[in-house]
Amino acid sequence: MKMFSRGLVSTALIAGVLVVHTSAVAGTIRIGATMRMISENGQKYGQMVADEFDLINKNGGINGNTIELSLLNDECKSDKGVANANKFIHEQKVHLIIGSTCSSVSLPIVDVTAQARVPQIIPHSTNAKITQKGSAWVFRVPVSGRYYAGVNAKYTGENIGTKIAYICAADAASQNDCDAMQDQMRRQFNAEPAYVAQVQEKEVDFRTHMLKIKSANVDGIMIAALAETMSRALLQSYEAGIGKSVRRIGSSSASNAPVPKIAGDAVLGVFYTAAYAAADKRPIAQLFNQMVRDKYGIHAPDHDFSQAYDLVRIVEIALHRANLNLSDGSLAADRTAIRDAIASVDGYRGLASGPISFCAAPTPQCRDGNKTPVLIHYTKGGEEFETEVLARVPMPINFGLE
Amino acid sequence: MLEVRDLQTGYGRIKILDGVNVSVAGGSIVTVLGGNGTGKSTLLKALSGLIPVWDGEILFDGESIANLRPDRIVNRGLIQVTQGKEAYPAMTVEENLMVGAFTRSDKQGIRRDLDKVYDYFPALQERRRQLSGTLSGGEVQMLVIGRGLMANPRMLMLDEPSAALAPQVVLNIFANVYRISQSGVTILLVEQNVRMALLLAGYGYIIRDGRVLIEGPAEELSGDESVKLSYLGGTVASREQMSS
Amino acid sequence: MEALLGFLIFGVTIGVVYGIVALGISLIYTGLDIVHFAHGEIYMFGAFLGLVFAHQYNVPYWLAILCAMIVTGLLGIVIERVFYRRLTRAGGGYTVAGMGMIICGFGMSVVLQNIAFLIWGADAEPFPVNFGMPYQIGEIFLPKSYVATAVAALVLMGGLHVFLKKTKIGLAVRAVAQNKDIAFLMGINVPLMISLIFGVACAIAAAAGVLIGPMQSVQVEMGYLMLMKAFAAAVVGGFGSLPGAILGGLLVGIFENLGAAYISGSHKDIYAFLLLILVLMFRPQGLFGVEAKVKA
Amino acid sequence: MALLETRMLSKSFGGLRAIQQLEMDVEEGSIHGLIGPNGSGKSTFFNLVTGVYKTDPGSVVRFAGEDITNFEAHEIGRRGVARTFQLLRLFSEMTVLQNLLVGYHTHTKYAAAAPIFRPRSVVRADQEASESMFELLSIIGLAEFADMPAGELSGGQRRLLSLGRAMAMRPKLLMLDEPAAGLSPTNVDVLMGIVLDLKKRYGLTLLIVEHILKVVMDTCDRVTVLDHGQKIGEGAPHEVKDDHAVVEAYLGKEMSDEEVRAAFAKAAR
Amino acid sequence: MNLVVTLQGVGGFFGRMERTHPLLPWLLAIVALLPLPLILSGLFNDYYVYLANRICIFIMLSVGLNIVKGFCGQVTVGHVGLYAIGAVTAAILSTNFGFSFWMTLPAAIFIAGLAGVVVGVPSFRLEGAYLALATLGLGESVRIMISVTPYLGSSTGLGGIPAPSAFGFTFDNFTRYYYLVMPIALVGIYLSFAILRSATGRAFQAIREDTIAAAAAGINVRKYKLLAFVISAMYAGCAGAMFAHMRPGYIHHNNFTIIEMVTLLLMIVLGGIGHVWGGVIGAIIVTIIYDQTKDFYFYQPLLFGSSMVLLVIFMPQGIGGLIDRYIVTQRFIDARREAGDGTS
């Protein structure tokens, strides 16, 4: 009987959790965001996105309508991201989806939003395939990996050498960066990789690779990995005795704050391409740096912060422009209106180093909004790291697509 | 010294002992007899606190020790010696003996008792550095008795010290048990070897189906025909019984 | 040749850490009869605690190891008392003791990981410790941190050995590990000893975490892979055998580094499993184990 | 011809020689007793014959003329050797009927994968099996407990069930490992009555290990005595009883009570 | 008390129908579940139909896991590896070779079954925790292999897996896909029952309870252990194919990590190890709770992990076991009463 009553209690608890969701209210613009929230940065970008939308609401909203943001975690796992997207679309009936941060999650969501005809705008997934799918509903704020590779390869080949070793981690963005870089080195300098190491997404021990790279006598090492993995690799490259004369090239995630924090002095001289440089001298950038420092306690925002911020601004602009009914019946029309409004954003100048422009055609040319990578290198490591901009390179729209 | 009143216990839901009464006077040797599965070992486990007592009373020196934690019972001087196969095979003989002395801190006393054990069982001294897993069955039995002695017991409970041993070895061990008892330690002997046990003990209990069936002075029991007929299994038959 | 020596050095430095964690797993297995699937998270907790001591309280590195060991050990004792105690008491049966322990271990690891996330966040934390310039012998580069790790591991092993073989409590611990009932009958406070075993096992896992901190940084998710490698080490060396655990750790470390060097670097993490499965199939008692204690 | 023959049967565990070159014949249709002191190798013998342990090289076990040495346990069971266990080893979470049906397993008339599609033949075979098991249950007197988990039975009922499970295999040779252990005298009689009834009904050959000497002496046609893994005597019960070697093994040097007491006293001095 | 009567009543009803024809209750169940998407989307919205699809996939997984774990008592924690193998097989065959779902499904089942042999072989020599370690290693190795092999999807995953279609009807939205996965899941449950009640199922259980006694009863222990692993692997393979073909037709190695395995374990522990319905109940409850607690993502692992620990400690039999126990005890009391104390 005791066991049975225990069971009853458990059942009751479970039933209690099954609360019915509040149904959608007209007059609000519903936005769903799916991100990798179980990570410090993700948490903070997510928080910033939420805060910025709150601010818009406080300042009177969009044409009198308020924005309702629902933020969910996808753990950077495609099935959970897809579930979140479906929840947004069918249960919460959102007008717009933001996400995901991870390329491998954004990729399948593109199909979901295309089928359900819901606009999707991506804060920072760089994998080139996302826009190559040809969905008319997807927009990308960050710089596509194809541009990064071009700039990185050009700089490397001209200033460092063509004998490059690659360490490629198994997450979609890094893999893409790594492959594209190798491809560009082939195209631009006819250079084959000197060594390629395929490692786990969260690999902790690179020393064997480093020792092999050391004996290969390379000019540079490209480390394409997420921030923490990259910083470990950087540290261990010195442990294996690879000297400073061998340059370390980072993938775009080298701009993330954990890299200099974990790697310390091992980041000195590491160069990489990103969409935003905290060392940017423009006033808007300085103001943004200050805001992030004050509000989120981060020494210097990386480009994922800036992209998330730009995304909010672009969404704001588009929502202002879109002619929204926001009734139950007008959902499909509103979604289309938002999509068209985003597609009409042209020459937006925000934190990103170059203008962000979209257009209507469902092609990468139209949907990869930012085409201006910045080439950056580290001049100081640690928590109070410093960087320096080497170059800003506006890229041709078709670059990397032929 | 030990008084068991109406003890009931078992495993899980299965009741093994259903009201057992046993009493052991200080300095005596008392034996509990019975075949396989009659509840002898269960009685010992309940006495040493390894299994909970469901009902009844266990008094040691007039104080209840029912449901005390085993180490607390040991601290009172009531030590159980397990069956011979249960030494620590991966420890040396001396380490095994030292485990027995865990509760004590008087270095000299431990030393003295160690010598005493070696005096009882000289075979152990020869093998004190060997792993006990390499000992013969009889030696292991000596070892576990010696280990019990190292705890400086006031009362020793022995669980089938004759099991699976050659008759000559059994005689040796029983003789030493007698010697131990002469040194002032009270002995409760649980046995299947009825003949030897009754020769050694002064008083005996025969249990069956979780109850004490017959009890009495050892001589009376060994003369009792019904004891012979029903309880003397393969290992315990005396010459006469085998041919009767 | 120098490259080979380099790979061996890597193998040994990571191998001793595997070995130390495996030591704890083996200790828990012999002491409590459970395979502790949450040990990786204990190791992670230890690493974070070490970090807290070293950087928030500015304790010297070696003292941080010690402090982390003590706190993690206490944490382990609490976990054992509150959760595992009930399970071990519940005893046999395929639902509780066999599968239940494993499931409970997995659940515990999820809980611990989440708690660590809530306290310290998901980002990796650097654990910079300045050991000075690396030794350089010819072409071979030997960072001092590696030497420090190896030395610390040796000290730990030696300490544990002395504790188990030369002290009275150590004798009692071994007695409990081998047979709880008899230990009880010899007057040993078995529950206390079990807690002690669990605590010690957790403490040495913490030491491993602090040792690896400077090499790999400290992160909430660091436990799982270490757990797998340490399991492999424990099984290879013979589950329950303490010197075996260390040797197993070295073997796994060397095996995977040589595999990564000469077969394929991408599959590095598979080699440990491969070794584990091979050993389990052909020598379940482990390479150095005397007797397999396979549970029925 | 003997149903079960062992030749040069040996088994050592580490250094301990549990069974040494044992030669034994169990005649078809007989009731054969196996006795010996604790640790004399009776259970090891059972385990060797039924394939739980592997024998040492040179050993031969023949069943019905066929060499079954070191066959897998299930192969031996399939050939008609059933056994009970000292510790019963019932499937305690399964019902009484299911326990018997597991015993009946070797007689199931469909392939292991067939039930996936559960055709009529499977359903019918299952029904037939259940019916014949019910028959057996009524013989051993557990029919009314058919749907009860075996773990809920009382001690005596468990012994009966373990007997029933072995019988469900429709064996030629039934090996009983201390069937009467822990039973009260009346229950021992009941159990042995059932065993004898089953023997008559199904033409069994029985091999019994028993500690209660009375059971062995009353029921067995032939008795083998083991000591330290060796056969020290064999014959009809009354012959064995008087055998000098057997008496020696059980009692050691033939000492009188007085001699034993004197030995004690000597030790104490 | 009422609960028992109701349950027995339902059981009796099923029993009567089954006597008419063994498949009858199952056909009725399929018919009864047909309008579910309409009800769900009417009462809630389409998202719940999607959830129903996911539940069906999880039911296949947990029911399959229950066969090897619950019936046969073999501790395996490599089940997600087999799930991954099924998914990758289906994905590669359909995208690279243009096979239709009706070819990739059996192929995925077959390949996963073969992999089941590999996972099952260690069980000949290993038990308990050792087996858990070996299977954990195998399952994780599968994931690592996928993650570093570009052909198997590597980091970018495998996408563009087409939706199944039959006779011009494409299962390309949730409601349509539901009519594909729901019957498959029911067939899975049915087969699980069929196996459990047959001699094969009894052999599994006997092995779980006591390997030596099972062997003595003439059961080929190795054969049946392997069979249990293979059957459960086939379930996993089927679930994998169902997952791969579900919209948007994308799989990634991140979907098959240890966390998924832990979720799966929670399902069968909650539902009750060894109870067919246990796996089903567990899959339903866990999926729904997971979904409803999405907003509390920071604390979700805490909730799931601690419920696992607490379940194992306080309710090791799970919900299924609780119900079973209640019924059995009730019947036991009745039987004892009738027998008038009997022979005890």
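First chain written, first letter: the chains are A, B, C, D and E, and each begins at residue 1.
Note that in this section contacts are C-beta pairs under 8 Å (C-beta built on N, C-alpha and C of every residue); 3 or more make two chains touch, one makes a residue touch a chain.
Computed from a predicted model, the values in this text were never measured in an experiment.
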Shared touching partners of chain C and chain D are B, E
Compute the centre of every chain as the mean of its C-alpha atoms, then state which one is farthest from the centre of chain D. A
Note, CA centroid farthest from chain B's centroid sits on chain A
Looking only at C-beta pairs that count as contacts, which pair of chains has more of them, A-E or B-C? A-E
Rounded to the nearest whole Å, what is the centre-to-centre distance of chain D and chain E, using the mean of the C-alpha atoms as each centre? 40
Chain B and chain D: spacing of chain centres that average the CA atoms, whole Å: 30
Just curious, how far off is chain C from chain A if you go by their C-alpha centres, in Å? 36
Residue ranges of chain E touching at least 2 other chains are 144, 148, 208-209, 259, 274, 298
Where in chain D do residues touch two or more of the other chains? none
If you look at chain A, which of its residues touch at least two other chains? 38, 198-200
Chain pairs in mutual contact under the definition given at the outset: A-C, A-E, B-C, B-D, C-E, D-E
Touching chain D in the complex: which residues of chain B? 14, 35-38, 137, 163-164, 166-168, 170-171, 174-176, 178-179, 182, 192, 195-196, 199-200, 208-209, 229-230, 232-235, 237-239, 241-243
Residues of chain E touching chain D in the complex: 22, 191, 194-195, 197-203, 205-206, 208-210, 212-221, 223-224, 227, 231, 274, 328, 331-332, 335, 338-339, 342-344
Which part of chain A faces chain C closely enough to touch in the complex? 38-43, 197-200, 202, 204-205, 207-209, 211-212, 215, 227-228, 231-232, 235-236, 239-241, 258, 261-264
Going by the contact rule set out above, which residues of chain A touch chain E in the complex? 3-4, 6-7, 10-11, 14, 17-20, 37-38, 72-73, 75-79, 82-84, 86-87, 89-91, 93, 103-104, 107-112, 115, 127, 129, 169-172, 174-176, 198-201
Under the definition above, what is the set of chain E residues touching chain A in their complex? 44-48, 50, 54, 144, 147-148, 154-157, 159, 172-174, 243, 247-255, 257, 259, 285, 288-289, 291-295, 297-298, 314-315, 319, 322-323, 325-326
